[in-house]
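Notes to accompany the following structure.
Labels run A, B and C following the written order; every chain starts at residue 1.
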Amino acid sequence: MIDVRQEDNVLLRVEHLQKHFGGVSAVDNVSFEVRSGRIKSIIGPNGAGKTTLFNLISGVLNPDSGRIHLQGRQIERKPPHVIARRGISRTFQTMLPFTNMSVLENVMVGRHVRTSAGMLRVALRTVGARREERGIRQTARHWLDFVGLGALADRPAGSLPCGQMKLLEIARALATEPKLLLLDEPAAGLNIRETEDLGQLLFKIRDRGITQLLVEHDMSLVMDISDEVFVLDYGREVAEGSPQEIQENPDVIRIYLGQDDVSGRGKPAPCSK
Amino acid sequence: MSGELILQLLFTGITVGCIYGLVAIGFNIIYNATGIINFAQGEFVMLGGMCAVWLHGDVGLPMFVTFPAAVLIVTGVGILLERLIIRPVKNPNVLSMIIITIGASIFIKGAVMIIGGKQTFPLPHFSSEEPIRIGGAAILPQDLWVLGITAAIVVGLGLFFERTLTGKAIRACAFNRRAASLVGINVSWMVLLSFALSAAVGAAAGVAVTPITLISYDRGTMLALKGFSAAVLGGLGNSTGAVVAGFVIGILESLSAGSPLSHYKDAVALVVLMGVLFVRPSGLFGGAEAGRLKKF
Amino acid sequence: MGKLNGLAILILIAILAILPKLLTNPYHISLMIFVGIYCLITLGLSLLMGYAGQISLGHAAFYGIGAYATGILTTKWGLPVELAMVLAVLIAAGLALIVGIPALRLRGHYLGMATLAFGVIVYVFFEAAVDFTGGPTGLAGIPFLKVGRFQFDSDLKFYYGVWVLVVLVLILALNIVHSRIGRALRSIHSAETATSAMGVDASKYKIQVFVLSACTASLAGGLYAHYMMYISPTSFGFRFSITLVTMVAMGGMSNLWGAMAGTCLLTILPETSSVFEDYFLLIYGGILIVIMMFVPQGFLVGLGQLIQRLYTGSKRQKRVTVG
């Protein structure tokens, strides 16, 4: 299903990305690469510009200047649905499930971008449309099982507890068959056990050949699963390297000093009880 | 068109523009405090006029008592609206609030129709009915009353929002509700106050303009639409903009009434509204924020 | 679309088929024709407002455009009815596209006001363009609806004609709802940012469903024109736009069957007593307020919930007395 061949190719290249809000630089001359098949994490204190970066990459925001390339093609300033079609999908830190649909239907929406029956064909229920619909349902179920939510397929999406809702968002994003999966604080509010399970899931995703870019506060998860870490503070790059290098980097240690919470979690997590 | 006709139409436009501006201010007060657009705003104006007709005509009160009494009654209606219909809504989303306030406006219209009937009612001018001649055109003293009352309201509200603690508290709710409640502002009271103020402003407009335009139960809808045009044109939430925009729309509408397109006069304000919404939703004076709707 | 819906459609067809035999008063057949015509509008509006979550407070305009377009094309330009009807729908679709593309970029209140303004502008046009539309006195002499040689010159024929169309539109709408398009629409309603990130082109679908709803509304307008053979602007104003929204809201916004039920109720009920006419505004206003405050899923679902609550309440009471 996913092309696993391009191991060392650069999948995503961000070049001199700049974004201001009023007088504040949310993202200030940020450049990095994400290599195909790898897991890269972006860390940094709260307000460092991490979610803005995600919003720029996924097309929710337009940069003031700079470039974003996916497999060599420019994607900055493209609308979000076009970027999704090109192969980037994401989860949301604030969690945006489709509460008016079931869990399975949420994942089925993820299949929308890889299917094609239009209003006329579905209204007339052509043979092709019906066949495509069966395929959508089947594939959606597959991804739901992949993240472990298979038993909850017919529950209303809004009724899921926080941790499972996060898994639903991941399943939904995976259903789009992305080349690159953006995960916005997937571990926020998860306990230690759940975080470990999440790490295992992210490895499973990597084994499918899907490249992953995370924004995350949970240092144990970041250090465990990342191939590379990129550190952001005040919108600017502080350091980039392997987890080991980052842990020993004095600049990184300095920006995290003065945080009461050693894990770097400053914001109230969405899943905390 | 002759110069005198244009001047006359200009005067009419300014008077009508005052009313649109006041309706727009009413929209802005509630929108600023709550993020809701109160479709029933036009009914406040209609109620002001109708109450004045009843108080003066049937009850026999003199005009200087009728005016504040009518405003007071309609303020009460505004408070009832907020308490009974707006506040109890559990999950306010935009679509529901729109339909609820439309429902409220229709309900009020229906109630007035049953109580008062379908006919058009007059109200005596506040002072003399003798037109004043200026440069070949005529102004009614009532037009000056409308202008004066509008000015008083604009200045009064300006002072209220800038100088008084309560006024600043309402503005604080507009910027950030959560922060406002965290510093001890009773947001719930501010919302109530905003509805009360809006109703009062609308009612004042209604009483002031009825001697000129007469009043009937169904005037509210078009007033709401045109007032909303002024609010959006001026930048939603911006009250100076609202008044200026009210004048612009009033004058445009009045001039079209003197042109061969006079039958389309009512559409003028609405074409302006659609134009602004399509081209520049933040209006003439609104910042980029006005173009994006607040969440409530 | 599911077996339940399929069964419901068969039952509906059966009821519609025998209804004329049961209705002895010809006035009632006429009433059912109106229910059918209005259902064509509300089915489309339900897709737009209920499923896609957009607002249209001016839909009477498309209804009117359909009526006036076919009326003018047949009376003033002498076109055959079949052609005029098709052109009327195309004209409405075109206008919906022109207005919809900029309007549907707006959200919430702005969209509501834009559609409301559009509705009133069209109404003012109907009243003011006297040479074109006949102005307030209306347009008369509209010919019978016909298809080829077959003329719909009796109420009975019109009844079957209209309801065949309604059932067709209902089937198409149900198919759309239970498809990837339907899910896309609902996802736009629920979380537009998220669905864009999943690759759904929200603008495209909003515009498509807006145009579709304009098409069904204008089709209804054309049928209305050829049924009454006379039209005037008062049928196409703000009051009717709100009636339409009330019909959809009553049945539960995102419920096609509910929209039809709401349409049926709000068409038939006013005819049961003249009191309704005077209290029309009061009742409609009250319905809108009550529904949106307490039972936004519609009165059918709300009624069902109420019955359920009463039932479980009485069971609990029994348990108390026994234990």
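Some points to look at:
Just so we're on the same page, a residue touches a chain if its C-beta (ideal position, glycine included) is under 8 Å from a C-beta of that chain, and two chains touch if they have at least 3 such contacts.
Treat the numbers as computed from the prediction; the structure is a model and nothing was measured.
Here the chain at the heart of the structure, going by C-alpha means, is C. In this assembly, the chain whose C-alpha centre lies farthest from chain C is A.
Averaged Cα coordinates give chain A a centre that lies 48 Å from the centre of chain B. Chain B and chain C have Cα centroids separated by 32 Å.
Our note on geometry: chain A versus chain C, Cα centroid distance of 41 Å, whole angstroms.
Put simply, chain A touches chain C in their complex at residues 58-60, 79-81, 84-85, 89-90, 92, 96-101, 105, 108-113, 115, 117-119, 122-125, 129, 132-133, 136, 172-173, 176. Residues of chain C that touch chain A in their complex: 1, 172-173, 175-176, 179-184, 186-187, 189-191, 193-202, 208, 212, 254.
Within the complex, the chain C residues that touch chain B are 49, 53, 55, 57, 102-103, 106-110, 112-114, 116-118, 120-121, 124-125, 127-130, 238, 242, 245, 249, 253, 278-289, 292-293, 296.
Per the touch definition, chain B reaches chain C in the complex via residues 37, 85, 88-89, 94-96, 98-100, 102-111, 113-114, 221-222, 225, 228-229, 232, 263-264, 266-267, 270-271, 273-274, 277-278, 281, 293.
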